[in-house]
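You will see chain A twice below: alongside chain B first, and alongside chain C after that.
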Partner chain A sequence: MPVFARAQLRRQRINFALFLGPALVLLFLFFVAPIVIDLFLAFTDMGRTLAVGKFTLENFERMFTRDTRLLGALGVTFIFVLATLGIFNVTFALLLALVTTAVPPRLGAFFRAVWLLPRMSPSVVYALLWLWVADPNERGLLNQIVMHVFDMPPIDLRNNHPLLVIILANGFIGASLGMLIFTSAIRSIPEHLFHAARVDGAGSLAIVRYITLPALRWPISYMTIHQTLSLLVSFEYILLITGGGPFYDTTVFSLYAYRRAFESGEYAYGAALSLILVVIGVLAALALWRLMDMKQLLQQPRIEVH
Partner chain B sequence: MARIELKNLRKEWGGAIAVAGIDLAIEDGAFVAVLGPSGCGKSTTLMMLAGIYRPTSGDITFDGARVNDVEARGRNVGIVFQSYALYPNMTVLENVMFPLRFKTIERTEAERRSREVATLVRIDGLLDRRPGQLSGGQQQRVALARALVKRPHLLLLDEPLSNLDAGLRLTMRTEIRRIQRELGVTTILVTHDQVEATTMADRVVVMNSGRVEQQGTAEDLYERPATLFVASFVGSPPINLFDGHAAGGMLSVNEARLPLADPVQGAVVLGLRPESLRVNGSGDSGRTISRISAVEPMGREVLYTADSAFGVIRFLEAGAEPRHRESDDVPLGFPPASALLFDKDSGRRLDARVAA
Partner chain C sequence: MNWKHALSGIVAGVLLGAATTSALAEDVVIKVWSRADRSGPLRAGNLVAAGDTLNKMLAATGTDKRVKIELNETNAKGYDDDALDLLKAFAVDKGPDIFVLAHEWTGAFAEAGYAMNLEDHIAKNPEFYGDIIVPLWQAVSYKGARYGVPQDSEVRMYFLNNDKLRKLGKTDKEIASLPARVDAGEFTAYDLCDLAGQAVQKGVVKYGILHRPNAGPDFQMMMEGFGNVPYDKAEAKLQASKAALKDFFAWVKYCTDKKAFSAANTSMSWDAIEQASFAGEQALVFFHGVWRVTDQTKAWNLKGKDDYQRKVTWINAPAGKKGGKPSNLSHPIAYAVSAKSKNKDLAAYLVALASQPIPNMHHAVTTNHTPIHYGQQSMPEVVDKGWALVAATPMLKYASFMPNHPKIGQYNSIIFKGIQGVETGRLTAQAAADFVAEELGNELGKDVIIRN
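Here is the complex of A and B:
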């Protein structure tokens, strides 16, 4: 090999390390390493002392045969994800996007900004807000309305309908992402299609049905998959607002893993639960991917440019 | 079928004037072409007729009834957009059938009518495709079918043939004309192409910067252009225009001097059509010896460029073979009646003629 070619090869290697190295290190640290560690821990008996005594399948045996709470957590997770996604993150986001693009632009922008506010505030502040809204005594926002407008006794939403509270809290903040994505998708529909539809005799509802919704098919599929995955693993608001309670009534699967690991100190068991959550996530994503025919989306361009 | 009238129609976009007061009356069943340079407000006018844009002021009437406040879907207008505007998620057949969804028509009948129209514009072989799988010309014909299928009172065509090849364009011209006659639908065709405008339409409206410059038959526009703009816009190759000065019954243009048949004074523009100029014509005016500087055979005609006493001038001669060559000196003249005179300041044509 000539000298200059060898030097070039060397330079290429250095460049590779220089430019891709940092990203690879980060990728490894934050994506690969946690999974590897989780996998490792799931098969140990690590407890509060952080000592690994033995490698064992005990965690999984306990999960599938003895853990009476697991099924409950799965049920709560299912209801939580389905309701938050179905009512808020997709449906309500879609409504918001449709409405805010139909009204005059300034008004629409104002409404979207309002819906984005909670995203911009720290989670703790947002959670505190909900604590105040749902406060069981007469100072809570909801109770002020209930008592003064409807003349009814105060209600304790957090105790009596805890699942509703966490769905509302997650939904109101979750809808904003979908709203943004759907809004920009609606904006990218060529104006002349709306014009043509109006001339062809379509009213507002028919325009939504025949022009807007078909153009939103892929954003909706994408949002559904994305939000399913993120709702499966997110529990910060639940932890802050209800702490998973009362009892285990709002303990979704991810929160259950967290509580087992960090409240009971059963790190190994928590790790095993997380591993199952990863499997559930992958299965859900694959199922939705199939269901929504996302492959088609990635294969050919779906946006037509005129 | 409807009689359309525009009264002092204006459209402004936040201060920018797109249409600056148009008055136009279109008879029931007439075929009118709107001709004008890019950005003169042709599409905007069509959109106002279709009910998509709201006029800033002025009135639109269909059969005498003011429709300014009537929504697009209440106007029974068919439109082919400049951008086709086909629905990307629907097949060709669904696209064509779309307007019938909103009418009280049986589905089978709607499909039968759609297939019929599709055959009319020759897209019957493409019914299962989606717009993304069609060529530009095919898309245009789908758009035409969609506009026709609901049997509109008014058909608006915004450059519907601009993407077709020459052969298809010719057949589509005849087709559209035939369909229009058959249905008797009042039609407005927007185009850049003056041949298209003059061959398809009964009447041509020339627009310029939001105004109607002139309307009339192709012959009117060509032989009696109202303004310098119309004279230079209509006719290909374009008319020769020379600045001149009229005084004492004589018109001076550069080194040339022409006697005038009518009294004119002041700054005048002389217009000479390339096809009215000829070599050695009998009884011609303004005959000057001109030196040919370029020869361009154009099929059945030859276009010459020459240096004349008027200035650089272009003229046409029939015949495939050039009869003159570069650097030839030829006696170039024109029939006196063919010369057009315009007032330089207002741009309006003068009634005056050049004397023999």
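Here is the complex of A and C:
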């Protein structure tokens, strides 16, 4: 190998280490390593003292034969993910993007900033606000409205409709990400298409239907997959607002695994449950990938348009 | 500043640091782990004070050696969470030398090899431990040996708001007769819910009975009235009786239907419960322990015993059926010494100093926890400021302890889930009893016996 080529190869390697190294280290530390540790723990009997006594399949035997709460947790997760995603993180985000790009730019920017506020505040503060909104006493924001504006008795949303509370809380914060991505996608549609449509006599709705929405196909698909996976494992707001209760009403699968591990001190069982969550996540991602034909997105474009 | 200055600054800093370290070389560091608890700051405080006492003695001997107490006050929301955190800390070799724990966790720490067997230490130092109230030792014993030193004791009770009872039309005579009627088995747990429910339905109060919002020891005394004995001494296992569970949850359902229990109770914060029970006066009955007298006195600005008793009545947990026995629960907090500590003996002596009558009395009278020594009962300060403790002591006649089993924390959480299920309308009485029996079997496996 000529000296020049060797030097080039070395530089390539250095560049690789320099530019991709940090990302790879992070990926390994926070994505690969936890899964490997989880896989290991799931087959042990680790309890409160963190000691591993033996390797066993007991956790899985318990999960599939005796754990009566498991199906319930899966059901709650399904409703939670589907509703949050369907109503807020995709549909409502799309609506926000359409509306805020249709109004004058300054006004649009203002509303987008407002919707971003919850994402900017710390989770605990956001959760505390929700606790205040849904407080069953007359002090709660919702009850102040219900009692003084509509002259109705106070309602206890957290006890009577706990799933609704966590869907709303997650949805209001989750919609902003989709809103941003959809907005930038709408902005990147060539302006002349809108003008041409106007000239052809298309109304606002027709423009949305025939120009905007087709251009948003990929962002929507991407958001759906991304948010499904992120909602599957997110439970911080649920833990802070309802604690998974009342009873097990809002205990989604990830929270269930967390509680078994950290509240009962059954770390191995928690790990085994998390492993199931990893499997569910992978299956959901593959299914959605297939369903949305994401492969096509990643293909080389057949013609390059300049 | 140029780089030379900066460098000389760093060198000076390092030298100074080295000098300080060598000056501290004679210090023996004792790490203390204690949950930051508003209802007992002196649990850890007395250990720190014990360090000062010992240092005075050391100074008198002319040595340079000093004891330095490093206090880690954790912010776990309860003793169960704290114990789990502490077990984790021990597992990764970050355990303290002395720790404060709820007595029922003694078994878990002894079993894991983290709590030191104190039999030898106690036997060799009768001058320190000779006057400790004998039954309290039972609370820190595991498999026949003592692994802790009781730090305090208490009495639990239902607190009834007399003003609200009067508003409900009860005469002072009727109110005054309540404790005796409970003890005689005339006034049952059902009667209590009828009374509390009536108060809610008549609009006298918003909440009939408010209990703790999380898992904890209190419910054991509620359940005892229905015949549930949580521990089988002969087998050294936890136990639950299906029939007793059903009777108990039938009562919870009854109380919930009567509006004596509120669906909101288990989702309220401690702060909200305290506000509603004390300053807010929104509850007829508040269920906790004698140390709450401190909060009540403050909230209602009460002056001494007579004033307090005009405002509040204490009762034991009534029996489930007429003619049954009432129940009570004492839940001591304890000191334990780490078996892994390099300075075990020193740590044990610090515990001994912190447990002496005077420092312990300060904890007792400032937080209304019953003292641990027989002799403390007659201390002028206890008689004067601790009138509530003296007054509550007769209730201990009906008291039991929680079983000293490593898995009692999980047992309590499952019971609590059942109660929450019934109170919030998720479970019927039968479903709750089934749920508890099933979960106990699932989660505790061989550690629990489910009886019919």
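The rule we apply is simple: the second predicted complex is superposed on the first by the 272 of 306 C-alpha atoms of A that agree within 3 Å, B and C clash if a C-alpha of one lies under 4 Å from a C-alpha of the other, contacts with A are read in each partner's own complex, and residues count from 1 in each chain.
Methods note: a residue touches a chain if its C-beta (ideal position, glycine included) is under 8 Å from a C-beta of that chain, and two chains touch if they have at least 3 such contacts.
Since the model is a prediction, treat every value here as computed from it, not as a measurement.
**Q** Mind checking chain B and chain C on superposed chain A, clash or fit?
**A** Overlaying the two structures gives chain B and chain C room side by side.
**Q** Looking at A:62, would you say it contacts chain B, chain C, both, or neither? Reply first, second, both or neither.
**A** So A:62 only meets chain C here.
**Q** Should A:200 be classified as contacting the first partner (chain B), the second (chain C), both, or neither?
**A** In the superposition, A:200 contacts chain B only.
**Q** Who does A:246 touch here: chain B (first), chain C (second), both, or neither?
**A** After superposition on chain A, A:246 lies in contact with chain C alone.
**Q** So after the superposition, what angle do chain B and chain C open up at chain A's Cα centre, nearest 10 degrees?
**A** One gets 150 degrees for this angle.
**Q** By the touch definition at the top of the document, which applies to A:190: first (chain B), second (chain C), both, or neither?
**A** first
**Q** In the overlaid three-chain picture, which partner chain does A:263 touch, first (chain B) or second (chain C), both, or neither?
**A** A:263 sits against chain C, while chain B stays out of touch.
**Q** Could you tell me if A:15 is touching chain B, chain C, both of them or neither one (first, second, both, neither)?
**A** After superposition on chain A, A:15 lies in contact with neither partner.
**Q** Once chain A of both complexes is superposed, is A:210 in touch with chain B (first), chain C (second), both, or neither?
**A** In the superposition, A:210 contacts chain B only.
**Q** Quick one: minimum Cα-Cα distance, chain B versus chain C, in the superposed arrangement, integer Å.
**A** Closest C-alpha pair between chain B and chain C: 52 Å.
**Q** Across the two complexes, what residues of chain A are contacted by chain B and by chain C?
**A** none
**Q** Flag every residue of chain A that touches chain C in the complex, lowest number first.
**A** My answer: residues 48-51, 62, 66-68, 136, 156, 158-159, 242-243, 245-249, 262-266.
**Q** Would you tell me which residues of chain C are touching chain A in their complex?
**A** Of all residues in chain C, those touching chain A are 81, 84, 87-88, 90-92, 108, 112, 263-264, 266-267, 410, 413, 417, 420-421, 424, 426-427, 438-439, 442-443.
**Q** What part of chain B is in contact with chain A in the complex they form?
**A** Checking each residue of chain B against chain A gives 47, 50-52, 71-73, 75, 77-79, 81, 83-90, 98-99, 101-103, 131-132, 146, 150.
**Q** Over in the complex, which chain A residues touch chain B? Could you list them?
**A** For this pair, the touching residues of chain A are 190, 192-193, 195-203, 206, 210-211, 214-215, 217, 304, 306.
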